[in-house]
Amino acid sequence: MSGSKLGNVAHHFENAYQQFSSAKLGMWLFIVQEILFFSALFVAYAVYRGMHPEMFVDAHHHLSWKMGGINTLVLIFSSFTMAMSIRTAQLNQRLQSFWYLGTTLFCACIFMVIKFFEYAEKIHHGYLPSVWFSGEGIYETMHIFFGIYFTMTGLHGLHVLVGMGLIIWLMLETRKGKYNSEYFTPVEMVGLYWHLVDLIWIFLFPLLYLIG
Amino acid sequence: MAGALNYINATKGLKSWIFTVDHKRIGIMYLAFVLLSFFLGGMFALLLRFELLTPSTLYLTAKQYNQVFTLHGAIMVFLFIVPSIPASLGNFFLPIQLGAIDVAFPKLNLASLWIYVLGAVFCFYSIVGGSIDTGWTFYTPYSSSTDTSVIPMVLGVFILGFSSILTGINFIVTVHKMRAPGLTWFKMPLFIWALYSTAIIQVLATPVLAITLLLLALERTIGIGIFDPALGGDPVLFQHFFWFYSHPAVYIMILPAMGVISEVVATFCKKKLFGYELMAYSSLAIAFISFLVWGHHLYVSGQSPYATMLFSLLTFLVGIPSGIKVFNWIATMYKGTIDLKSPFLYFLSFIFLFTIGGFTGVVLGSLSLDIHLHDTYFVVAHFHYVMMGGTVMAFLAGLHYWWPKMFGKMYSELAARIAFVFVFVGFNLVFFIQFIMGSKGMPRRYYNYLPEFQPYHVLSTLGSWVLAVGFFIMLGYFIHSLMKGKTAPENPWGSSALEWKTASPPTTFNFDKNLDYIDHGPYDYPEENK
Amino acid sequence: MSKEKQIDSLVDYGTTWLPGSYSTLSDIVDVQFNAILWLSVFGTLGITLVTLYFCLKYKRTQKNLVSKSQIDHNARIEIIWTVIPFIIVMGIFYWGFRDYLRLTVAPEDTMEIRVTGEKWRWYFEYPGTGKRPSDDLVVPVGQAVKLVMSSKDVLHSFYIPNFRLKRDVQPNRYSHIWFEATKIGTFQIFCTEYCGDQHSNMGANLIVMSKNDFEAWKEVGEDTETPLPILGKRLYKSKACNACHSIDGSNVIGPTWKNAYGANRELESGEVVLIDDNYIRESIVYPGKKIAKGYPNVMNSYAGLLSDREINALIEFIKTLKED
């Protein structure tokens, strides 16, 4: 196929550009459907908050905005390092790309650790969904808030874990020298995914931690 | 032709099929699975119609009957009709009609196939292990509290959803990025426009079903309380979430069918499609408006009258593009040269049956009438007319049309016509009377019924046997065609479409030589000199 | 489906397509239905005839191997066949919406009746009267009635075909329906939202009486005359016990009543109890307390829905089902 020193153009593509722009469009479509996947949860949030406005405000006090805030900053920073890892890959700076990926991974780990502590605290105090709710509060319907909290942050957390796996894969491939100025598609695709994960959190954080 | 290397015999062995990245092989495997699902769903239909011969118990208990109708619906919707045309005929012909070697992501295509199979496995597990009895719509609180096997089915459908999404992504990117030189958007066949519009719906709507089912599973396992009123949840919220996907889903079912119909009418009348641009735009319009009408499934559920009014208005709007399409197809026949072969017979039956289905959709769209008709057999008849009288007839048209191309063999035209008569007559016998049953007040999903409705039910059941005979005849001549059919020429129907410029069956990379720059439209037929 | 009263047949009365029309508004629904029905018939006929005509006229023969024309546009006809259907469907929308408002917005002065749906029966309560919950919906003719409905468990839907009325019945909120009956008689009520095993047996009777008869019916207190076993047999059907308990020994959803009285029964807990008057009473009022082994815990309680005499009647009826 056409002149690509290190990247491979698959047999059904005319050239590397067609392959890259196809991958990009495909990834965007995947991201759109992920957004729709989460959207129903945001709708559920809106419906139940509309039905129990004071309870929501009261219940959210049991979330630590400081921990959530740190997580937000960590994720935003990790989006930056992710973008840098793409940039350096494009500039053939293999070592820097590897370390930017590593930093992104490290940030994700911090996120998950903080998440772990948050969850542990909730579980300890009984702020759980539905019939397991045994926490203290003046509202009888607090379990609704925590059902939504755990579902939304839990699903988000799952996506962070998947992202971490993808970043580890990218790091291994980067070490092998797979990515360069001609071919950096997977890095860019995972980057898009990571930005989505960050974006969803940026919506979750104020809605859950900062209301009232 | 026979004995030449084509996509079927190019490589041998089971592994070469299981791990293939050839869109044609993937399409054929999908075809096999989808037909198998149709057979299974059809068996359940025959079983339930048999029970309905008498007003009280015949051979099933109430619970078993409820399980049978649930499985009939779930298998037909999720395992058969949603993937039917896009995954089989679409996978096979989309790249060829675009002049491409394959879809944009062949490995993703293969993944999509095996994800489908995985989803089917979960669904089968649900069938054999305490089959689900909620109806294919899974309404809460019944679905969150029943003791039957809901979660395996719901997980199975979740997984099937992924298969659908990946196919959608693949098709959209292929259409955007891989058209042959000169093949601009408005030179693409309408089948492609239909698949493209369908793919948009697949990508945007299916994730909402996925999260809805996930929430239902969470409700059943850890009682998260989103739909259960005892925990402060709202059962009607489930209906909104469910239908937000499932209404667009019915357009996933009909749009590809409309695409096939356009291809068949053009070829068998040797005429350019009438109103080509509007046909393309109306596919997109249907895809867009389909997202706005889900509430027409909830007219009597207790949603606000304002929302109800808005949904009714939009529902009528979405019918207009479909009506325009019917007129355009008929106008395409005008002054053509019409070949009444079996694919065209299915085209004719589509026009008739889809029109009836469409008009009854207008009836149901009207708020005052829907109050009476909702959840009666009238609705059952309506959706069978559009889904079976529409999509399945179009699928059969496409199957009969493209069979020689896919397999390099012809089938018996006489047997096909005989089967067609059984299918057409049988279908109307089963379902037309159900309109009357419904408007007379017969509710749906009823295991027992008032004795005065028995004659209607008996007629419907007899019709189901006629329909079944038609399909068995079809199975017979298609198998015979594969084993002993006459070798098909490259272009048995004299079509001008691009896919007929390949061999029958095509070679692995579709086109043997580089395509010339495409400078003509998709339906390039001569006109008689004046 | 068991019914003791003669219900007007949905099939035998009315027209080919519709059952008898017995409320003040059911006729207006029928007018629209018939109008759209005929529109659809003519539309389908028109489309079919044109299609068949083209098939014959332009059939491929030796003389017609090439299309006479490749015409693919005609602005005028395309506009006509877009605008006219659009106007028609907008008209139908408006018509449907207008009638919908009339059907759903109750007038000022209505008589309220409470409707409760549960798996798998309906019962009706008349606030302001001393009436015990009734198994039939009894209403006076010529009087606007408003039903305030709710469910005790899953979704159900209340459907009166002869009045062209339907509304879903939910567990977490009340829904409403209103009507004014125009004919005296007994009509069919169905449940039309799938609710489980006995969904198709969840019907009820709608009894429309003259205003005088209705007043008299309202006054009728508890039945103290009918001998208990006979009353019990009647209640077995009218209170929908028959939806889950057979009297012939067959297994439905709950244990059969045949030979039950005086027998020993093993419970889920392993405990063995004697089926006596106390056991039966407790099973009716607190059905979840003692679950017979192998049976599901799905029975709704009848607490407050059966009088003491009615419970006694059922017990006496069950006693008669013992074969000596």
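A, B and C label the chains in the order they appear, each numbered from 1.
The rule is short, and it goes like this: a contact is a pair of C-beta atoms (placed from the backbone, for glycine too) under 8 Å apart; a residue touches a chain by one contact, two chains touch by 3 or more.
Given the structure is predicted, the values throughout are model-derived calculations rather than measurements.
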{"item": "Per Cα centroids, the chain farthest from subunit A", "value": "C"}
{"item": "Chain ID, smallest distance between chain and overall C-alpha centroids", "value": "B"}
{"item": "Centre distance in Å when subunit A and subunit C are each reduced to the mean of their C-alpha atoms", "value": "49"}
{"item": "Distance between the centres, which are taken as Cα means, of subunit C and subunit B, whole angstrom", "value": "33"}
{"item": "Interchain centroid distance [CA atoms averaged], subunit A/subunit B, Å", "value": "35"}
{"item": "Junction residues of subunit A - those touching two or more other chains", "value": "none"}
{"item": "Contacts with 2+ other chains: residues of subunit B", "value": "233-234"}
{"item": "Complex contacts: residues of subunit B adjacent to subunit C", "value": "62-63, 66, 133-135, 139-142, 145-147, 229-230, 233-236, 269-276, 278, 300-302, 305, 308-309, 312-313, 316-317, 319-320, 323-324, 326-327, 330-340, 348, 351-352, 355-356, 359-360, 362-363, 365-372, 374-376, 435-436, 439-450, 452-453, 525-528"}
{"item": "Parts of subunit B lying in touch with subunit A, wherever the complex brings them together", "value": "100-106, 108, 165, 168-170, 172-173, 176-178, 203-208, 210-212, 215, 218, 222-226, 231-234, 237, 241, 244"}
{"item": "Touching residues (chain side subunit A, partner subunit B) in the complex", "value": "10-13, 18, 21-22, 25-26, 29-30, 32-34, 36-41, 43-44, 47-48, 51-52, 129-132, 141, 143-144, 147-148, 151"}
{"item": "Interface residues, subunit C side, partner subunit B - complex", "value": "1, 9-12, 14, 16-19, 28-29, 32-33, 36-37, 39-40, 43-44, 47-48, 50-51, 54-55, 58-60, 64-74, 77-78, 81-82, 85-86, 89-90, 92-93, 95-104, 153-155, 157, 159, 161-162, 164-168, 170-173, 175, 188, 190-201, 296"}
